[in-house]
Structure formats: structure tokens, C-alpha cells
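One chain, chain A, appears in both complexes that follow, with chain B as partner in the first and chain C in the second.
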Partner chain A sequence: MARFLIRRGLTMIALLFAISLVTFLLFIVVLPGGNPASMLAGRLANPSEVQLISHRYGFDQPVYVQYFKTMANIFDGSAYSYQSSFNVDDQIRQGLPTTVSLALGAGIIWLLVSILFGTLAAIRAGRYTDRVLTVLSMVGVSMPPFFLGAVIIFYLGYKTSILPINGYVPFTQSPIQWAYHLIAPWFTLSVLFIGFYSRVLRSTILDTLSEDYVRTARAKGLSPRRVLVHHVLRTSLLPIISLWGLDFAQVIGGGAILTESVYGLHGVGYLAAQSVGKLDTVTLLSIVMLTAIAVVVLQALVDFLYAVLDPRIRLA
Partner chain B sequence: MSEPLLHVEDLRVSFATEDGLVQAVDGVSFEVDRGEVVAIVGESGSGKSVSAMTVMGLTRGPNARIDGVVTLDGQELLKASESQLQRIRGGSIAMVFQDPMSSLNPVYRIGDQIIEQIRTHQPHVSRAQAAERSVELLERVGIPRARERMRSYPHEFSGGMRQRVMIAMALSCSPKVLIADEPTTALDVTIQAQILDELRELREQTRAGIILVTHDLAVVADIADRVIVMYAGRVVEQGTLDELFYDPQHPYTWGLLGSITRIDRDRSKRLPAIPGVPPSLLHPPAGCHFRPRCPHAFGQCMQVPELNARVADAPAHLDRCWLTVEQKRSVRQVDGQIGLASPSAVVS
Partner chain C sequence: MSRTLRPALAGLTALAVAAAITLVALSSGNANAKRPARNAAASVVQMVEGTFPQSLDPGLDYTTQGSEINWVVYTGLATYAHKNGVAGAQLIPGLCTALPTISNGGKTYTCTLRKGLVFSNGKPVVASDFAYTMERALKIPWGGSGAFLTPYVVGAQAFASGKAKSIAGVSTNDATGKITIQLSQAYGPFTNVLAFPMLGLIPSGFPMTVQATSPPPGVGPYMVTNIVANTSFEAVPNPYWSKINIPGIPSAKVSVEVKANSNVAANALSVLNGSADIFDWADNIPGSLLQQIQAKAAGRFRYVNLGGSTYYIFLNASEPPFNNQLAREAVVTGLNQPAMSRIGSGTLVPACYFLPPDIVGHPPLPNSSCPYGNPDKGGNIAKAKALLKQSGLAGTSVTVWSETRQPRQAWMTAYTQMLNQIGFKATQKLLSDSTYFTTIGQSKKLHPQTGFADWNQDFPHPVDFYGPLLDGNSILPTNNENFGQTNDPYINAQVKKLGTVPTTQLQSVAKQWQALDEYVAKKAYVAVFGYEKFPEFASSRINYGALVFQPIYGWDLTSFSLK
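Take a look at the complex of A and B:
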């Protein structure tokens, strides 16, 4: 166990280092095109001003020095956006509760609903229920959040006022208002994942149903429900869990850009969208690092859960 | 003896597939008595496994059509409700499957899988009692340190050990009938012998009837009392072990017997095999199903022969072949042993 944690920890650090390096080279060195100092100084700046700014921000230093300085700033919370001169970590910290609220609610909804739909489609394979669910999944997978969000806001928010149009209420302020404001975003974000996950689960269950040990379970005289829950679902859920870990981590890292933007949720995804628009490379770099950390940590958790669920897998 | 323990009459099973109707089992009848081992022999796809699984209701499904009568101690099984069948499966009839490597659930401990079966059929038994009984069962099938091994997972066991676990599990509710579907096929020969000993002992101790599905005639000779030979969904010959091995009546049985490796065989010759492949059950040949592969086929073989007793003084020895008993006894001798003549030898 300790060996697993140490080895895993080292791999995670190596991975994060690689990600940070590649992203830094892409964003800071390759992408913006031209000297960031001249961008900061504005269009009317004279060369000496540009040079002054260049020196102050360290753009005149070698790339590896710039890399370590930028990373140090990001991780000790003293990174400032070149464009808006706000503290990047403060911005992310402000957006994080919104994003985590969105991710948690939606993550639970899409996991549970897709288990339900996937199982139902599998045990009714080829019949009416399965066909209806197949069509629904296709619709879900092909439904972009900006369209679905707009439709929901127009009909349920603007026309009938059943749901709020946008905004976010912190959980600490009012849990009921918090959930009420998040229902539509949760639903919108979940739809895509439900469509995809339930298809994956359906086919995994159908594969598992033809396993010899499922036949054994039936030959033992177990009820169909017990066979399904204890012998089929237990193993079929593994791929769903690893998918969930990755997708959940992505949403935490601001991956729900469209959903957050449509509903005006000022979370990490919204911040990312804003930063892309302004070519705010330091903020983007910070958000990428947040995503990377979330993915790496959740992946480790998923691996751990795998070992718990399947005794053939050893942590080592 | 009055009523046989298990009675199967005119069992027919067909499956609707995308390519058409597959008649997997076409009119199979047999009986199994207490303490008797009945072997069902045939190539892959002959319908032997499907017959065995249908007895337990394991082939039921929207695409399956099942006809006939199966009774266990007078209770009809083919028309039994799903909940009645659940009580019978693993209770009065237990089954051991072919591949022990994949027949146990990999994510549960051995002990829990046996306990699960006991508690399903005897809900009043406590977990501790069921665990105690599982240890006894594992000891009985020869698992050393059974109490510790209860906590092992299937992947920590060898194939032979897993098959013992499967047998222990099958025995857990003292079944009246044990169906063993190629229980030794996936195992080494030495382990095979041990598993067969296990089955033999079980028959002595519990007087359970055993249906042994196999394609291995060596296994049959070792343990069976009566033998049913199936080919392409039909029974082509059935009788006692001695009748089948010493006076086989159907050319297919000759072929099977002729293709066994024997220690006294002339080693300079190739091991004889039955020419051709079994027919597709989607489009079985007209008449006798074995006709296209049979070197002795003649005009009458276009009609399906009845499964009748044809040998004098052997009313229970049945076969489906138009040849007379005298013809059969003369043509089945190949190189001094029973076998299927090669097609060229018959023509010349």
C-alpha cells in the first residue's frame, strides 16, 4: 500500500511536470506570437518602455528561468494576469466553488441516470425500451449545451419562470436556492454524459451476461435480480467508473466551458472562456494545471477503487 | 424400480437466429436413475450441452422454442414457472460446467460463492452455518486447508482446484441430479482422473443421478453406466456401456471409437478420423444426418431411420441406422478393430 502511494505519487509529479512544460512552451513561447511586453505596453509605447516592461516581467531572461518563475508564481499564488493585472489564484479560487457545485451535482446525476438507463437497455436489449433509450442517447450525445441551455432558459426561465434564468447562489448562503439555481446547469451538463455512458454500460453488460460465471450464477438458482446486481453489474461498472473519474476531473478543471457560459455561472470554465478571448496565457496556464492535477488525482482514486472492486488487480 | 428419477421425452429445442431456425436438439429421450451415470457423447454442436442445459431451463429465452417432456421425480420442468425453476436449479439439479477458469465469479471469494448458493436455497440457515458447511464440502472434494481457502479468490486457484470448488458448490444442496458438462475437458489428464474419482465417489455416497456430457470416450469408458451418442441434434445410438463399446450399431459410433488413440495401435499409421465436418444445423442434410459422411450410405438413407432396438436380446440398445445387424458387424471391422472404413476402401 505504502509502495503504491509512493510510486503513484512520483508518477503523478512527473506527469504534472511534463504537462506544465508542454503547456508553457505552447502558451508562453509559441502561441501568442510576438513579444508579450509590447502587448502589455500598448500600441503607443516607445521601445524603451517596452524594454522596461520586458525587464520587469522577466521576458528578457532565458526560457527555462521564465518557466520556473512562472510555475513558482502559479503554485505560490502570486501569478498575475498580464492583461487584467488581477491575481490569477484569487480568480480561480473565486470560481472554484461554483464549478465544484456544478461538477458534484451533475456528476452524481449523470452517473446514476446512466447506470439506470444502461442497465435497462441491456436487460431489454432489442426490445422497445432499448430502442427508445438508444434514440434518447443519440439525441443526448448530439445535443450541444449551448443549444439545450438556450432552450431551457427560454422556455423554463424566460417564458414560464419555473427556473431562474442564470446566476449562482453559494451553498453556505442558502442550500435550497443553491440547488434551485443549479438544476438546469446540472441537467444540461449531464445529458451529454448520460447518452455516452449508458451506451458504454449497455454493451459492457451485454458482454458480461454471456460470461460463464453468470451462467453459473443462474444455475445456482439465484433470482434474476440477484444475478444482475451481484454478478453482472459489479464487474460491468468498472469501465463506467474510470470514465467518470476522467470526466469529473475535467469539469472541475473548467471543462464545462459551454454550460458555465450559457448559465452565467462564473466558475473556472467561464474564467477559461474569458481568458481564451483575451489570450490571457498566465490564467490559461493556471487553469490547465488545475485540470491536470484534478485528472491525475482522480485517476489515482479510480485505480484504487478498481483494486477494491476487482481482487485480481493488485496495487503495486 | 418404479418411476425413473429424471425422465426426458422427445425433447426438441430450436433457436431462431438471424440466418434462420436452428434445430439444436431434435427428439431426444432418455432416463436417469438414482446412482446412475448417463453419458451424452457427441462432437461440438451435436446438441449434447443444449439438451443438458434445457433440463435446467437455462436455454429459455425469447428466441428459443422448447418442446417435449422433462420430469424430475414426477415434477414437470419444461413448463415450470421461472420461480419454480429457481428452486430446482442448484437445489434438486446442480450443474458443473466445462471451463472452471471462467465459471466462478472472479470478484467474489470462493467461500462466499458457495455460501450464496446454500443460503439461496435454505434461507433459514445462518451465514455461519452455511460457512461451516462450505468448509466441509471443500474438504470433501479434496481442497487442502479448506478453512483458509474459503477466503481465496478464484484466480488464486488452479484449474483443477476450481473445478473441485464448482463440484463442492454443486453438491452444496444435495442435488438429486448432477449435470456435468464436459467437467474434465479443460484439465490435465492427471487432474481429470481425480475429478472423475470425485464424481464416482459422489455417486456412491449420495446416490445422485449424474448426466455426463462429454466428447471424450475415455472418460465415458471410465465412469458411465449408459451412453447416449448424439449427432447433429439427434440421438443416433444409445445403450449400456458394454453394448456401445463392444457391439456398436451406428457408423458414427464406429468412427468415434475408431478415432481413439490406443496403446496397442499400429503407430506407423495416421490416427483415423471421421472424414468431413458435422453438418450445419441451419440446413441439415435430408434423411439420416450422418449420410454425407458415411461410407456405407445407400438409397434408403434418404429417409430418417427411427431410433429402434435392432439387436436381438438387447431391448434397451437403440440405434438409427438402416443397415442390418449382420451387415454392420461385418463392415465395422477395420484393421481388426472397430472403426469407420475410409470412403475409398468401401468403393474399391
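Take a look at the complex of A and C:
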């Protein structure tokens, strides 16, 4: 266990360093549009004002100094957006409950529904149910969230007023309104993953069904239900859980950019979209760091789950 | 096998159904509310906007969204009338008893503060607060300080660069309330500069750094509270305003909750179905919703030409091919403005003159008098082809620079196609919105040939258009706004001469500005493709007839009231 944790910790540090460096170089050194001070100074700035801003924000310092200074600010919570002067950590902290609410609800939905659909499609392989679920999966995978979101907002939000058009209510303020405002975003975000996951699960179950140990289990006289749940699903769920961990982490780290933007959910994804639009490099770097941390931590948790599901896997 | 597996599948199905039932049960908790949840307080109006202001600290903000709010929170020594149309562009005394008196050949501005002024935190206002406010704007620095303060106010540049401890050109007397500002050169619209929200007074001693979530107290009908970064804030009535009676500045009638959501279509639908009240004027209503809104909100929606913005295509007159007048004339002749207006959901008013209609100097002439064809009729491709052929520049490669946001990108796509139709070899080059103007502003490095440009008035004075955009003296190596690098001695001389005339005396030189504007149209230095109309859209709760759509700052929050 200790070795596992140390290895994970070192990997995480190396990964974060590499990601931060690449992002920094991309957005700050190779910034399209040239000197960031020019951009901050605005359309009517004169050269002396640009120089003043350049000096104030440290853009006139060597790149490595800028990098270490920026990263230190990000990690000690004193990073501020160049454009708006809002504290970056505060913005992320403020957006996290929304993003976690979205990710949790959608993550549960897409996991459960895709297990249901994938299993159904596998055990009914080649039959009518399988064909219908295949088509549905394809539709789900091909449905961009901005389109599905726009359709839901128009018909369920505006036309029928069944759901709110946008917005977010904190769970602590009203659990009912919290869920009510998240139904459409949960559904929109889940659809894409359900399609993909159910296809992966279907294929894995079909492979597992032809394994020797499954045949042995059947030969031993175990009930088909027991074979499916204890022998087939338990193994087949491994890649799904691995995928789920990564996708969930990505959503927490701002991956639900489109869903959050369409529904006006001011989560980390919305912040990421806004930061990209404004080339708010410090905020972007912070979000990238958050995503990287979330992915690494959740991947470690997934590895633990692997060991639980498959005793052959050991952490060390 | 499948038959015997049913119990397992039934379990999974039951789980999914249970989840669905839970969701339905949660949503049914709101069954009585046909409309989404909203602030129940009757005196709160909800405004939705696509972009959060750059900052609610007036020392930093230089955006339309920020100015709209800051205007009613930070009153300057002068301000604007709270009226619709041209009347709203009229300067009125703000915190001073009268508009500043101008002496010493336009280089000295003097005024006296009103008695009994207090900030929204109850602290009395003194004259030295003005000096402090300007110092703070220079230190932060405010986005317009390099254009409107450092070049003109004596000692401003020295203070900004840290060479002086105060601004030599600003002197104040707290006992008498007298404020005197010395300029190094006459600048006609300086009274307008004093009306910027950035120069709206704040208390001395307030931190010299941007306070993004707790902006300084001001003197105005409103104060800003509950700022949630990039998400929302509230403009609530200033409790001390009722004790300050400044003629021409109304009191706040309602609180305004401002929510930012980048999905402008959802914002428009929210206002249409009444879950929000005011649509931000600076956002474009998506074309797909326009018909619906026009049909269902006929009495609470219209497009208004605020008369202070110009959309144009810059043509680099310092380099081939657009240093050739015939090539420029070909572009203006071929431009199909009605088609471009359709691309923009009909929000463009076809035009050919650089100054927009409510700016003094705009030629009050019909479009039929435009030098290269009536812009209402669409472009004349055949004539444009002939002009280009005559110039000998047919086949020249041209790069068209464009932002990515719509409809600007689509406008430039149409323009690129037109250039190819008339004989150029044009290609479109796209840049991110946030870096577009600073990139094409690198005049010496990039040498941009042609592309999209626009200008919204900072104040209603023609020099705000001609000064930075067409005066040869304003060409800069970086952050250049004279994208076409127009350097015409006649324009330069006229801008220098007419730019010193104060805003309040502009009518005396209106004919000369008009002559200059007609000259620019004739020389085809820019290809104007219209003046933009903005949406004035509110929910049915709002007293629509009482709304004021101010030509400089857009929505006047003091005009918001419920039926």
C-alpha cells in the first residue's frame, strides 16, 4: 500500500509539472496575439501604458521566473485573473459545488443506465432489443450536448415550462429546486456517456460469456442469474469502472464545458469556457491543474475498486 | 438463458426506474410553479446578460456591461441626461454645481462640488476625493487612461509612471469644494472624460488596487452588492441618495439582480417567458428566435439604433492594393450591405458615412447621395470589377482579418467572397475575439490589409471616432486602432483643429465635421457597412413605456419599474 501511494504521489507530481509547463508555454509564451500586456491594456492603450502593465504583471521577466511565480500563486491561492482581478481559487471554489452536483447526478445516471442497456444488448445480442439499443446508443453518442440542451431548453423549458430554462439552486438552499434545476443537465450530460458505455459493456460481456470460467460456472449448475452477476458482470465492469473514473474526474475538472454553458451552470466547465474565450491564462492554468489532480486521484480510487472486483489484481 | 436472466435484469431496471421516480418526485415538488423559480420580491428586477462586466470596480472596467452599471453608481463631476435618443447624449452637471468652466484656451477646467454630498457608505465627499479617484485610475490602470488622461492632464503621465507623487495638473480645495484641472493641450471632449464612470468619485484612501468583489462606495442612485465572480451581482438603491438631490438624476425605483449567462438564446427565452425581466442590450438576439420574439413580445421588443456606433471594413491605405483609390472604391462599390444586414438578423442600418447618425458631423443626407452607390440597393459587382480592372490590381492577393464571433465572422466571409467576385484573390484569416484587435493593432509587424472593425462611442464627440481611428498621428506600432494606417494631411489637420472644440460648442463646427466625413467617404478610406441596432427587450412585468435606452450607456437602471 505504501509503495502504491508513493508511486502514485510521484506520478502525480511529474504529471502536474509536465501539464503545467505545456499549458504555460502554450498560453503564455506562445500566446496568439503577442504580448499579453497589450491585450490587458485594451484597445486604446499607448506604448508606455503597455510597458507599465508588462512590468506590473511581470511579463518583462524571464519565462522561467514567470512560470514559477504563476505556479506558486496558483498553489498558495493568491492567483488572480489578469482580466477581471477575481481570485482564481475563489472562482473555482465557487464553481465546484455546481460541477460536483452535475457530475454526481449525471455520473450515477450514466453508469446505471449504461449497465442496464449494455447488459440487455449483450444477452439479447442480434435480436430486436439489441438492435434498438444499438440505434439508441449511436444516437446518444452522436448527440452534441449543445444541440440536445438547446432542444430541451426550448421545448421543456420555454414551450411547456416543465423544466427551468437555466440556472442553479444550491442543495443547501432547497434540495428539491436543486434537483429540479439539474434534471435537464444531468440528462444531457448522461446521454453521450450512456451510448458509449453501453456499447463498450455489450462488447465486453459478449467476450466474457465465451470465457472458460463462465462455461465452468454453468457446468457446475449455477443459475444463469448467478453466472451473469457474479462471474460475467463482475469482470466485464472493470473497463467500465476505469472509464467512469476518468470521465467523472474530467467532468469535475471542467470537462462539462458544453453542458454547463448551455444551461448557464456556473461551474468549473463554464469558468473554463469563459477563460478560453478571454484567454484568461491564469484561470485556465488553475483549471488544468484541477483536472489533472482530479484525474490522478480518481484513477487511484479506481485502482482500489479494481482490486475489490478482481482479486487477481494487487495494488503493488 | 435470456428468460432465466430476467430477475437480474429486472433488478437493474428497478434501480433505473427508482432513480427516474426519484427525479420525477423531486421535480413534482415544484408542480405548482409553472414558471422556473425566481426572486419573489416584487421590487426586484432580473437582468440577464451574456457577458459579465470586466469589473465592477470603476478603476478597472472599460466594457459596455460595466459602464452600464457603474454609470448609475459612480457619478462624475459631469454626467449625461437620463433620456432616450439624442437628448440622452447631453452633458449635465453631476457632482459639480454646474458643468466645468473652460478657460485658458481650453486648457483649464474648473468646477465646484455640490454641498452635502455623501458616498453610499455615509462618508462625506470632499474635493480631494477627485484627485484620489484620478490617481487610482492611473495606477490600476483603467483601460482608457492611456487615451484620455495621460496625454492631456498635466502630470498624469509622470504620476502613472511613478515619477511624481501626485498629479500636478489637478488641484482641489476641500474647504470650498473647488476643483481645477490643467491640461497640457486643449481637448474638446474633456468634459465628457469627466463624465466617465471611472472618474466618478470614490473616497480617498480606498485601496489603490482593484477590489473585484468589494468595489468602492460611490455617489449615485445605486450601489453594487453581492458580487459573485463572473456569475451575478445586485444593484440596490443607495440609501443616502434620497438626501442628495441632483437635478436630472432620478432615484432608483427597484433593485436589479444581474445574472450572467453566456447562452444568449436561453437569456432571450427567459425574458420571453417571464423568468427574467431585462435582456442585455449589448447581446445579439439569435436569428432563430427573432420571429418568435417579434410575434409574442410585440409590445415589449424593438430594435433601436443608438446612433453612436459604426461597423466598417478597414482598408490599409499605406500599402498595396488599398493605397490605390480605385481599388478602395471598388470595394465600397461592391459591398452588398442589405445582404450583410440579413446575415446579422437585420440589425444593421445600411450606411456609407463614418460618423454614426447621432454624432455631430454625420451628413444628414439620404443614402442615395453616397459617393459609390446607394447602400440600400446592394453592391454593384460589375462596376466594382471594372474599377478594379482600371486600377490594374485585379488578381492581387488580399488577406481579410476577422473575429470568430458571429455575425462578424459571417460578415467577413461575405466580404471575402465579394472581393473574389470582383477580381481579388482573397482569403479570410480568423482570430480569437479576445486577441483580434491587439493582433491587428500590430501595424508594423503584421501590416494588416483589410478586415473587420467597429467603434462604439466613448462619448458623443466626433473626435472620439476620428482621433484614434483615422488620424495619422495616432498610428502606433502596437495597440494601433488606425488599422487602415490612414495618414491624410487634410484629415490630420482637421482633427487637430476641430478636436479642441468643446462638446458643448460642437454645433459651431458641425459643418466642418460634416465636410470631413464626406471627404472620407469620397476617398473610400473605410468601407462602412452599417450602424448597429440594439435590442430593447423586456418581460411583461416591466413598465416598458417608461424604460430609458440611453445612447451612451444603454439601459438606464433608474428607469426600471414594475407595472
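FYI, the second predicted complex is superposed on the first by the 313 of 316 C-alpha atoms of A that agree within 3 Å, B and C clash if a C-alpha of one lies under 4 Å from a C-alpha of the other, contacts with A are read in each partner's own complex, and residues count from 1 in each chain.
Simple rule for what comes next: a residue touches a chain if its C-beta (ideal position, glycine included) is under 8 Å from a C-beta of that chain, and two chains touch if they have at least 3 such contacts.
Small disclaimer: the values here were computed from a predicted structure and weren't measured.
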Taking chain A as the common reference, can chain B and chain C both be placed on it without clashing, or not? Answer clash or fit.
fit
Have a look at where A:S223 lands relative to chain B and chain C in the superposition and call it first, second, both or neither.
both
Winner on chain A touched-residue count between chain B and chain C: chain C
For A:R3, is the partner it touches chain B (first), chain C (second), both, or none of the two (neither)?
neither
Contact-wise, after the overlay, does A:F154 reach chain B, chain C, both or neither (first, second, both, neither)?
second
Which partner does A:T119 contact after superposing on A: first (chain B), second (chain C), both, neither?
second
Shortest Cα gap between chain B and chain C in the overlay, whole Å, is 8
Do chain B and chain C land on any of the same chain A residues, and which?
223-224
Chain C to chain A touching residues, read off their complex:
1-2, 4-5, 7-9, 12-13, 15-16, 19, 23, 26-27, 29-30, 34-37, 52, 54-55, 57, 60, 62, 141, 143-148, 150-151, 157, 160-161, 209-210, 212-213, 228-231, 259, 261-263, 265-266, 269-270, 272-273, 275, 431-439, 441-442, 445, 468, 476-479, 481
Contact set on chain B toward chain A in their complex:
56, 58, 82, 86-91, 94-95, 97, 99, 102-108, 116-117, 120-121, 153, 155, 166, 169
Spell out the part of chain A that touches chain B in their complex, as residue ranges.
211-213, 215-224, 226, 230-231, 234-235, 309-312
Would you tell me which residues of chain A are touching chain C in their complex?
31-35, 38-39, 41-50, 52-53, 80, 83-87, 90-91, 94, 108-109, 112-113, 115-116, 119-120, 123-124, 150, 153-154, 157-158, 161-167, 169, 175-177, 179-181, 183, 186, 223-225, 228-229, 261-264, 266, 270-271, 273-274, 277-279
